[in-house]
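Heads up, the next two complexes both have subunit A, just with different partners, subunit B and then subunit C.
What follows is the complex of A and B.
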C-alpha cells in the first residue's frame, strides 16, 4: 500500500487486477492436443476441445504442477481439496457453451507479491489464483465486431491451460500495476511455467474506481464499505505491461474528470482500444449469477496440498536480487538488471565465480545487456554463445585487451558478425602493445611536441592529456591510457 | 426451486442468455413448460443421498501429446466452414 499523505479533496485511484497467464505445457489442460503454434486453423483439435457429445476431459498433470509452483512462489495456501466448475455462457469461442474453470474452491488462495517502485516497496495481496481453459479465437469478417458479415472460428487455442490470478484492490496507480505485471512475469519465467514471448500469453482485466481522499486512512488502507460504494469500471482487452499502464492512466483521467464535474461514474465494462488509446463502453455482459456455475461432475476433486512440499521451485528474483547485493556487493540497479531473467542471473554467476564480481557485473549488466538491448535481442538469442562472452570477459580480466576495445570492437563484432572473440582480436590486432612499443611511443610524442611539453612544465594540467592522446594514436588505441599517463609523467620529471 | 413461480420475465432472461429470440406466444408457452420441467425435479427428493466415490481423486494424465483430428474430420459436421475455419453468423 502507498503510504503517502492524502490531501483533503484529493481523489485516490484504486485498482484491482485479474491476470490471465498461459501455462507452458506440451498439451492442453483437458486433452492431449498440442499447445504448440499450429500452421493453420483447427489443426490441434479433438472431440474434447471441440465439445463433441460424450467426450470426457482428463486433467493435465503438468498444468496442476505449474499451478502449485505458482502457489508456492506467491506464498499462497493450496487447500486440501480443490475442484472444477462449469461457467455457462453462449458464445462461439466456447464450443461446449461452458468453460471449465474453478469457482469457490480455487487451487491457490491468499498469496502475495512484493513490488518495488521508485525505491519504495509495496505488497500486493493475491486473493486467489485458479486453473481454467482458454476459449478459441474468433475472426469477425467484413467489418468490426458489431458490423461484421460473419464469424470464423479457430479452436486451436481452445483448452490451452490458463491461470487466472486475482489481486486485491491494492494498487493506487497505473505505474504500480505495470511494476506488478513485470515482477509477476519475472517470477513466472523463473518458474519456467510461462513464456512472455508467446503471442497472447498475458491478458489483463482491471477494475478501477476513484475514492475520495478523505476515506483513505493514513496507512493507505480503505474500508471495504467505501470500496464497494464506489462505482467501478472493468477494463478488458489489455495484453501488455505498457498497455496496462496506458489503459489505466486513460481510465483514471476519465473517471477523475467525471467526478470533478460532479457526474457519476457509470458501473460498466469498457474495452481498451489500443490503436486509438482510449477505453470504450461495451454492451453489458452477464451478471455473475447468469453464469450458473455448477460443479464439473466429469472431473473428480483434486487433493494436491502435499505437492507443495514435494515440488521444488528455484530461487526467485527477489531473493536472488538480495543475495546478489550481499554476496557480490552489487548496487540495487545492477542486482536488479542481473536478475531480470533466470538466464541472465545464471550467466552472471558463472562469470562472477571465475573473475572479479564487479568486472563481471559491468560486463554482463552494462556492456552485454546494453549491446543486446540496442539490437533488440535477448540473452536467449545468444544462448549457445555464452561461452564466447565469458572468454571475452577473461581477455579483459587478464589484461590481454583494453576494456574499450573489448566493448567497441570485439563485443559488437561478435554480435553483428557472429565471429568469436579470439578471431576478432587477431584480425584487428587488438592484443595490448608490449611495454617497449609503448615506451617508444611515449618518447616519440615528447620529441614531436615540444610546445605541449613546455606547457606541461609551465604547470598547465591539460597538456598531459594531449600527450596521452598522441601516444594512444601511435599505439592504435591498444595501450592503457592510465599506464601511458604514468610513463609520460616519469619521462617529464 | 419448486416454490418459485416461473414468470415470463424469467423466460425472456434465460432466452436472452441463450441468444434465442422468442415471440410473445412462445414466451407464454415456455413459461408453462419451464414450470412443468422444474416440477419434475421434485422427483429427485425421493432419491436417497449417496456419497461420491471417495477414492476417486487426482485423476490426471501425463503431459504427452496425442494425435489430434484431421482438420477435415473436425469440420465435417459443421453446417458451414471456410478456409479450414468454422463459419457462423456475426456475433457480438
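What follows is the complex of A and C.
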C-alpha cells in the first residue's frame, strides 16, 4: 500500500489488476499439442483442445511446476491441495463453451511483489494467482469485432496454459502499474516460465476508480466499503506495460474530469483502443455475469504439497540487485540495469568474474546496454556473441586498445557489421602502437617542432600538450596519451 | 429383429487373436469410433463422424473383438426406456412390445437378440443395469475410475462409467477385464488396490460364507412380482451357503433428487459444446452468433435433453446453487457414507435392479417423473461411486426381472462371483 500525503479535496486513483500470462511449456495444459507458433491456423489441435465429444483433459505437470515457481517467487501460500472448476459461458473461441480454471481453491494465494518507482519502494499485494486454459483466437475479417464481414476461429492457442494473477487494489497511479508489470515480467523471465517476446503472452485487465482523498487514511489505506461504493470501470485489451500506463492515464483523466464536473462515473467495461489512444465503452451497467462455477470432475484434486519442496527457483531480481550492490560494490542504478533481465545479469557476472567488476559494470551497464538500446536491440539479440563482448572488455582491460576506440569503433562495428572484435581491431589498425614506433614518433615530433620545444623549455605548460597531439596524430591515435607525455618529457629533460 | 437395435451397422475388425477373438461386440452410440458415426441418439450428432477411437474401443479391437455396430440409446443417455432416441424406439427382444430399458437399450437388446455376443453400455444412473434387467441379460456398472471414459460422450461425468453387457456373468467379466485399468488419457482412472484387473476367472459360483446385506428401503415400493422373483434369487444364493441380513440405507430416499440435480447440472455444462461451429447440427453461420447457437441447439436437441439442460442450468445459477447443487453434493456424501457402513457389515448388498418390470412401449412417455422414480435402486450406486452387477432372476408374469448386487469400491471380483451363483 502506498503511503502518501493526501489533501482535502484531492481525488485519489485506485487501480487493481488481473494479469494473464501465458506459461512457457512445450505442450498445452490439458493435451499433448505443441504450444509453438504454427505455420497456419488450426494445426496444433487434437480432440481434447478442440473439445470434441468424449475427449478428456489431462493436466500437464509442467504447467503446475511453473505455477508453483510463480507462487514461490511472489511469496504466496500454496495450499496442500488445489482443484479445478468450470467457468461456464458461451463464446465462439471457447471450444467446450466452458473454461477449465480455478475458483475457490487457487494454486497461489496471498502473495506480494515489491516495486520500485522513483527511488521509492511499494509492496503490491497479490490476492491470488491461478491456472487456466487459454481460449482460441478470433480473426475478424474485413473489419473490427463490430464491423467485420465474418469471423474465423483458430484453435491453435486453445489450451495454452495461462496464469491469471489478481492484485489487490493497491495501485495509486498508472506509473505504478507500469513498474509492477515490468517487475512481474522480469520475475517471470527469471523463472524461465514466460516469454515476453511471444505475441499476446501478457494481457491485462485493469479496474480503476476515483476516490475522494478524504476517504484515504494516513497510511494510504482505504476502507473496503469506500472502494465498493465508488463506481469503477474495467479496462480490457491492454497488452503491454506502456499500453497499461497510457490506457490507465487516459481513464484516470476521464474519470477525474467527470467527478470534477459533478457527473457520476458509470460502472462499465471499457475497451482500450491502442491506435486511437482512448478507451471506449463496451457494455454498461450489466448485471454481474453468472458463470455457474462448479468442480471439474474430470480432473482429480491436485495435491501439490510434496512438489513444493522439490521445485527450486533461481535467485530473483530483487535479491540479485541487493547482492550485486554488496558483492560488487555497485550503485543502485547500475545494479538495477544489470539485473533487468536474467541474461544481462548472468552475462555481467561472467565478465565480472574475469575482470575488474567496475570495468565490467561500465562496459555492460553503460556501453553495451546503451548501444543496444540505441539500436532497439535486446541482449538476446547478441546471444551466442557474448564471448566476443568478453573479448572486447579483455582488450580494454589489458590495454590492447583504448577505451575510446573500443566503444566508438569496435563495439559499434560488432553490432552494426556483426564482425568479431579482433577482426575490427586488425582491419582498423587499432592495436596500441608498439613502444619503438611511439619512441620514433616522439623524436620526430621534437625535431619537426623546434618552436614548441623552445616554448616548453621556456616553461610554457601548454607546449607539451601540442607535442602530445602531434605524436598521437602520427600514431593514428593508438598510442596512450599518458605514456606519450612521459616519453616527451624524458626526451626533453 | 435387429433393425431397431443399431443406429449404425459397421464392422471394425479386431486383431486376429486375444481374449475376445471371434467375439462380436456392439458399442453404445455415445462411445467414439474413429470413422464411424457416433450420434448419441441425437439429431445434434446425426452426421458426426469422430476422428478418434475411445480407449475402450481400442482395447476391444486389440483383444481380438470385432465391432459390429453402434447401438440405439436415449438421447445423450437421458432416459430409462431408449424411447428418447432421435432414431426411434427399440423393441425388447425378451418381452416384445415392451421397452428394453435405457439408456443403453440397444446394447442390451443386441445381446438378448443375439445380434452381438457382447456389448458396451454406459451407466450414469442405471443405464447399463436397467436394460440388462429388462432384457434378461447381465450388466456391470464398474467402480468409478476403473474403466477409461476417454471417448465416452459425457452426460454427467462425475457419475458415469462404461461397462459390459453379456449373456452370462463370465462373458461380462471377460469384457470387463479387457476394458479395465488405468488410461493416461483419463485422469480419473485408477487401478484396483489389489493390483490386477483379472475378472474372468472369478465367475466360479462360489458363494459359500458370502454375507449379503438387503437394504430394506430398496424393496419398498417395488412391484410384487419383482419382489417375489428377487426372493427366489436370494433363496438360491442361501442354498449355496450365503447368509443374508437386513441393512438400512436411510439416505437413499433423497438419492433420486440428489442424482437428478447433479446429473442435470453436469449435463448443462457437458452439452454446452454442441454449438454447431466445429461439428454437429448447426443453426447456420449468419447473423448474431448467440442466436445462431441457440437456433442450432433448439433444432438439434430433443425435449428430454432440453428439459435436463434447463433444469441443470437453473440448479447451478447464482442464488440457487446452494439450495440445489450444493445440497445435492451433501446428499451424495451422505449416500456414500451409508453404503460404506452397510458394506462394513456385508460383502455385497442385494436388491431388485428395477422396482418395476419393463414398461409397454409408449407407456411412460408422458410422465417423466414416473420414469425418474424407476431409477430409485440404481442411482444411489452411482452417487456412491460403487460397482454393481445386474443378473437375471427369473420373471414376473413373463417379464424379465434382475437382481442388483452392489459391492465395495473395486470389489468387482466379489460381485462376479456372487452373480455367477445365480446362473
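Assume the second predicted complex is superposed on the first by the 434 of 493 C-alpha atoms of A that agree within 3 Å, B and C clash if a C-alpha of one lies under 4 Å from a C-alpha of the other, contacts with A are read in each partner's own complex, and residues count from 1 in each chain.
FYI, a contact is a pair of C-beta atoms (placed from the backbone, for glycine too) under 8 Å apart; a residue touches a chain by one contact, two chains touch by 3 or more.
A quick note: this is a predicted structure, and the numbers were derived from the prediction, not measured.
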Clash-or-fit label for the pair subunit B, subunit C on subunit A: clash
Subunit B versus subunit C as contact partner of A:153, first or second or both or neither: both
Contacts of A:300 with subunit B and subunit C, given as first, second, both or neither: both
Partner chain(s) touched by A:64 [first = subunit B, second = subunit C, both, neither]: first
Partner chain(s) touched by A:290 [first = subunit B, second = subunit C, both, neither]: both
Touched partner set for A:493, first subunit B, second subunit C, both or neither: neither
Contacts of A:50 with subunit B and subunit C, given as first, second, both or neither: both
First (subunit B), second (subunit C), both or neither touched by A:86: second
Which partner reaches more residues of subunit A (counting touched residues only), subunit B or subunit C: B
Segment of subunit C that clashes with subunit B, given the candidates 1-9, 19-27, 37-45 or 253-261: 253-261
Contacts on subunit A seen with subunit B and repeated with subunit C across the two complexes: 47, 50, 58-59, 90, 92, 150, 153, 290, 299-300
Contacting residues of subunit B [partner subunit A, same complex]: 17-19, 53, 56-69, 71, 74-75, 82-92
Subunit A residues within the subunit B interface of the complex: 25-27, 31-34, 40-47, 50, 58-64, 81, 89-92, 138-140, 143, 145-155, 283, 286, 290, 299-304
Subunit A - residues contacting subunit C, complex: 47, 50-59, 86, 88, 90, 92, 95-98, 150, 153, 288, 290, 292, 294, 297-300
Residues of subunit C touching subunit A in the complex: 30-32, 38, 40, 45, 48, 50-52, 54, 149-154, 157-158, 184-188, 265-266, 268-269, 272-275, 277-279, 285, 289-290, 293, 313, 316-318, 321, 325
